[in-house]
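Some structures are shown below for you to check.
In what follows, chain A forms one complex with chain B and a second complex with chain C.
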Partner chain A sequence: MATPLTMTVDLVARFPGKVTADRRPGYTGFSVNNENLVEVATAIRDEFGYDLLTAVTAVDYIAENKMEVVYHAYKTTGGAGLVFKVQAERVDPIEVPSLINLWAGVDFQEREAWDLYGIKFTGHPDLRRILMWEGYDGHPLRKDWKEPFFEEEAKPFKSRWPDGKFAFAENKNPFRDNLNFPKDFDPENFVVEKEEDLYLSLERDSLKDTAGNMKTDHIVVNMGPHHPSTHGVLRVAVQLDGETIIGLKPVMGYLHRNHDKIGERNTYLQIIPYTDRLDYFNSMSNNFGYVIAVEKLMKIQVAERAEYIRVIMAELSRIQNHLIFIGMLMNDLGAMYTPSLYAFEERELILDIFEAVSGARMMCNYFRFGGVVRDVPEFALKKIQDLVSDRLPAKTDEMERFLNENEILMARLKGIHVLNAEEAINYSVTGPVLRATGVPYDLRRADPYSVYDRFDFDVAVRHNGDMMDNYLIRFDEIRQSLRILEQALKQIPQGPINSQKPAYQVRVPAGEAYGRIESPKGELGYYLISNGKPNPYRYHVRPASFVNLQCVEKMCIGTKIADFVALVAMLDIVMGELDR
Partner chain B sequence: MENEKLSLPTYSIPEDIQNVVAVTTLDRLYNWGRRSSVWPLMFGLACCAIEMIAAQTARYDMARFGMEVMRPTPRQADMMLVSGTVTKKMLPSIIRLYNQMPEPKYVVAMGACASSGGPFKEGYNVVAGIDKFLPVDVYIPGCPPTPQALIAGMIKLQEKIDKQSIKSATWYNKEKKDGNYVPMPILGPDLIDVRRNAEIKQVAATKEGA
Partner chain C sequence: MYGKGILKGLSVTWKRFWDTYTDDISWMLKGKKRYNSVEGVAHRSSKNTKGIFTVQYPEEQLIVPEEFRFIPFLVYDEGAEGKKEIRCTSCGICAKVCPPQCIWIVRTNDPATGRPVPVPTDFHIDMDICMNCGFCAEYCPFDAIKMDHKFDIASYQRNVYGMDQLLKPAKYYAEIRPENYHREEEARKAKEAAKAAKAEAAPAA
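Right after this comes the complex of A and B.
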């Protein structure tokens, strides 16, 4: 398994006095001085060639009275990453320079750090709250911030079953609900904020008519959070000039389920079922990324048979995700239901396999540290073999035959520009959307994890970067996944399915780890900090959908409102992962 | 409905006209029509929405029970299927949708999150069950409920519809106008349930600390 070999780049020698190596036990990377961050980051991008800044997150070291922002930079040519950090004093206001002029892809992630940690990124043009609403009291991920239903710092809570009796959490809160108001708050005289910041920033960033055409009135339309084509509860504020989009701001957080905060209270094992509910189409892939991160911290080997089982499950998951993607895209293009009914037919067969191995259709909770929870029964392997060698290839061909030459589909997809390669990298876009622009960046090849280096497969790439390529690349990926599955099913060895003894509480040495996998939607990363206790000190998910959505504004401005629906579908976002 | 036929078993109808004539009560006829065309609001919140879609597809086929016509507009919907975690940020939108639905209307809480907050209950942005705001008719357990469980819950709703009567139904009662109107909650420092304003003010005033 490839771990980031950050020492291949000697930042300390390049910037003496401005950068120090992070020498805390279990930590890697470099510590950059707050005032030199932009200078060092420019060198990291332009001199050292780390062009893809994937993850930005913050950590609250309350004992040292410090806030730390952690950046993970990678090269799109592949290989190990570079971790650099910047610390700020934990006094109001906590200020860190924004990197938005170097990487546009830090936009949402910096806003998230502002929302949840209250770190001010100086120079960020649009630093609004992103997951919670404007006016919310406090920054929830700070270690001294307590949620209304707070019981204890870490699970298992002793208070849950006092004397073996059930107790409602509501009875412990003075407001008898999941609520917390500041002292002397008076709801009757409260003035509601009218989201003025959102509309101001929409107005500011909208495309100004410079050609001196006839002046027309612009209208603002709010699509969502309840809208059939926004794939869940995404809301988008769109400014329209006739039918043309001239400004657009996504608003999210309508499914913000406080994944990070709950994760920091949970034990390591308890987090696995929560990861299922991130990207609810691919619970297997979500488990995969998380266990890889914990295994990096624990420095354990995974049982050989389990590695193959993991790959098989992750690739099956990718196939059903892409099939659903195609079905839902057709829905959004106006081919209501019929293609998605075809997709769901195949998905059900794959879910049957998940149910056979894990006991649940969707929320599999199947992976464990060092392996998987139970073995794949013989009949399930046979079923997978039948699917992989007969049914799925035939059905994929059938779908392509039905859809690809369709006139309406071609008219809607061909030549509608999505992104070019430079833009995609700048916006930290990963996954099929990046590969459709001609960048062959697939973590299964670029930074191989698990046993992916043993299989013979191609990274699916398309070069035009239009919607048609984004659509076709999904078929390519299904075919490559089938290739991997064929080989994995042939090579899968007998043996134990877990290298560790089953345990409710695992010992995780102190340190940090970033585990990432190529989920069907892009790079799914988990950033973990352990302090040796049974629950993580910091647990952060770098969701593919959330980071990919950053380019939506760039992508959609100048297009027609009807194409917007298809463009959002193209990003293949899923709200559970986007909002967490 | 105990027997699927519309006709009441207490009346004997000659065999040769049984396909043409039915003797029944108005309630039964009315409910038979309503139960067979419960149109859900096309409205997915989280993971459960995927199982809701799966229940519509060929293998489970909710259309067998007359529930396949998903309406994206609340004005045409009979039933709101709260399929997923209700967050504080989303709640005002849900209440607005509910208030826009015409009577008679039903609410089904699908899954653990909509019923009680589920695994996310302790989260600071999570409403611990939609029943804190809306009158829920059927709760469906599961995380997420399988399509079979969803269909079972829908059949429970049909049974509930069967038991209602025009005479006692609130939605034709002139005195009880807007009986189901739920005041909109407000997003302030936290979620403000305006029905509890006085209580919030009083507790906040006696709160310890800053």
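Right after this comes the complex of A and C.
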């Protein structure tokens, strides 16, 4: 879809010779010269006011022998975004200047691009692998990289039909293993050299912070990857001075499965069930973002009734996510299980609805291009109505009554881990965490998608940016979601639920699209490049948890380690989405 | 202050504990079974549930809605003398649309002419890989592959299902998905009627 605001910003006139408009068919935005990137990006942030850099990703144009880094910048006041790209020759070392001094939020995403594409971001202080392990051979998202059980470039595989010979995948590999090693790899003598880098990076930061204090010994604690309160396999290397955190680095990738590569092997339709498995609490929202991106590329309209069904499902998903969040936060604060099971009870009722409409409680796979799979049965609509107007408001109030006055809760949350608005924007934080700092940035209002512009609701905002506000804003959001649901249930029209004919392969015109939605955890974006084939050329997920996690380092330094556990819960990270 | 919070908390838990069992008592007075009865499970998973709702699995199971999906099966119609008329024509759409590519189909060729016959010789689904997305059932043009309701298939072996495990009668399908079955049957009848009408009209013309 045309992005009108992009057109009003005339970067080409502002930087003649340094910036060109991207004129490839189906592409938008600007191409920036490699050497002028920092200069242009500074102007984009400071002159043009695009203060939130949400997505940074790379594309491997192997045919043109080029690597491209794509940046999506937005204004926190709302409106469409600005896409700018920088290209580099595809000859190692591929170098692109890092934007980390402008936006601290590019940190993880640049590391990811280095890890998966091998693009060196010059000036990045901590360019280590982030998702793959340190001894890994190659950069897996490059188009010439092949996985161990490689069969074909794209699905469907020809071996399945018409003379399918079933074979276990591991039998195809002589080593019966699914690992690729570097040529001279010897597991006996392998030393993780980069592990030192991790601890060095901790030391460097901590020396800076404790200057002038009494010299004490510091201790490095590795929390996880199987720490009971790290929400899955997240490892955090923490440097401590007594109980105070003086350095902290999250280490992730233990659940990495290269979702992007799987997506590039799949057809457009086949990706939908895989998106369910990103943030496994909100498969409805994940579907939503992806189909929006594909619909942008296909330039198709969505059936009216389906739009409402989508909104209803996405908002129910938000409610159950926030309920789980509250329960899990309590779990991490030491109120083991009781609050979380109270929350689960309401969530079960919502999952029952998902099951009735889509067939599965969590892996819904409910959205299709142009609509949804099937209509919502009458009894399910009735049940949603009952929940929305009757049970859920009462239960939300009850939950608040039980918890909010609790002394322990207040002591643990009030005034702890404060994030201010400038820092949050600088770290590309989105979602409730950003709104708790006082920035009313909600994509449902800032850049409305689907039919959100037809509903009357308030963007939940809190102003202190501490843990307490982050916790309370979830209740506000549940209430606003209930408001949206009330209206959606009233307005939902009759009619078809899909504007397209059911087809197992869709034709997607060449071009690029970035579809984003306000998922319960923040901005969930899908960047897609099509070259007209049945499979996407590039499929990238910009997960909210992954980008939001960047701010932990900033928020934790100087606080106690016991509070860190609560912070991880408060950021509402899900490893399925974070590690992809 | 002074332990008030603890007492408050305990009272909440106690109330919840009580709520869990008040229903039991009221149902007992009404002479109905709250456990091991379909009605009881339905009540416990409705919005009127109070207290903790548990389902005594495996003695009782949650009632799954019609659209519930778990691993695919192949539908056959029962012909004369119990002959299995497999609906599948081995067109391969399910194998092509399958996201984890866990369906393997062997097409039958007529030994005399060497031309394909619309029935599969072999049909494998690797249930360990299957992600229960339901695409195969959704895009099958012959209503030949459907998603099952039976979800307790855990075993000590690999679950690679062949034809013998996959085939289930249309009767079973009608049982687990009555609405879908009737809708499809009606559509099929309408199609056949249209075809017959066309065939009738053609010679007349």
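Definition applied: the second predicted complex is superposed on the first by the 549 of 580 C-alpha atoms of A that agree within 3 Å, B and C clash if a C-alpha of one lies under 4 Å from a C-alpha of the other, contacts with A are read in each partner's own complex, and residues count from 1 in each chain.
Everything that follows uses one rule, which is that contacts are C-beta pairs under 8 Å (C-beta built on N, C-alpha and C of every residue); 3 or more make two chains touch, one makes a residue touch a chain.
Owing to the predicted nature of the structure, the values given are computational and were not obtained by experimental measurement.
Asker: So, does A:Pro162 touch the first partner chain B, the second partner chain C, both, or neither?
Answerer: Only chain C is touched by A:Pro162; chain B is not.
Asker: Classify the contacts of A:Lys261 with the two partner chains as first (chain B alone), second (chain C alone), both, or neither.
Answerer: In the superposition, A:Lys261 contacts chain B only.
Asker: Which positions of chain A sit in both the chain B and the chain C interface?
Answerer: 273-274, 341, 345, 348, 363
Asker: Taking the complex as given, what residues does chain B use to touch chain A?
Answerer: Contacts found on chain B: 42-47, 49-51, 53-54, 57-59, 72, 84-85, 87-90, 93, 97, 117, 119-128, 132, 143-144, 146, 186-194, 197, 199-201, 203-205, 207, 209-210.
Asker: What part of chain A is in contact with chain B in the complex they form?
Answerer: 131-133, 135-137, 140, 147-149, 151, 169-170, 174-175, 177-188, 190, 192, 225-228, 232-233, 253-258, 261-262, 265, 273-274, 277, 280-281, 340-341, 344-345, 347-348, 361-363, 575-576
Asker: With touch defined as at the start, can you tell me which chain A residues reach chain C in the complex?
Answerer: The contact residues of chain A facing chain C are 155-157, 159-166, 168, 266-267, 269-274, 338, 341-342, 345, 348-349, 352, 355-360, 363, 365, 373-374, 377, 383, 386-387, 390-391, 402, 406-408, 502, 504-505.
Asker: Looking at the complex, which residues from chain C come into contact with chain A?
Answerer: 1, 5, 12-13, 16, 45, 47, 49, 52-53, 64-65, 67-69, 90, 92-93, 95-99, 101, 103-107, 116, 122, 124, 126, 131-135, 138-139, 147, 158, 160
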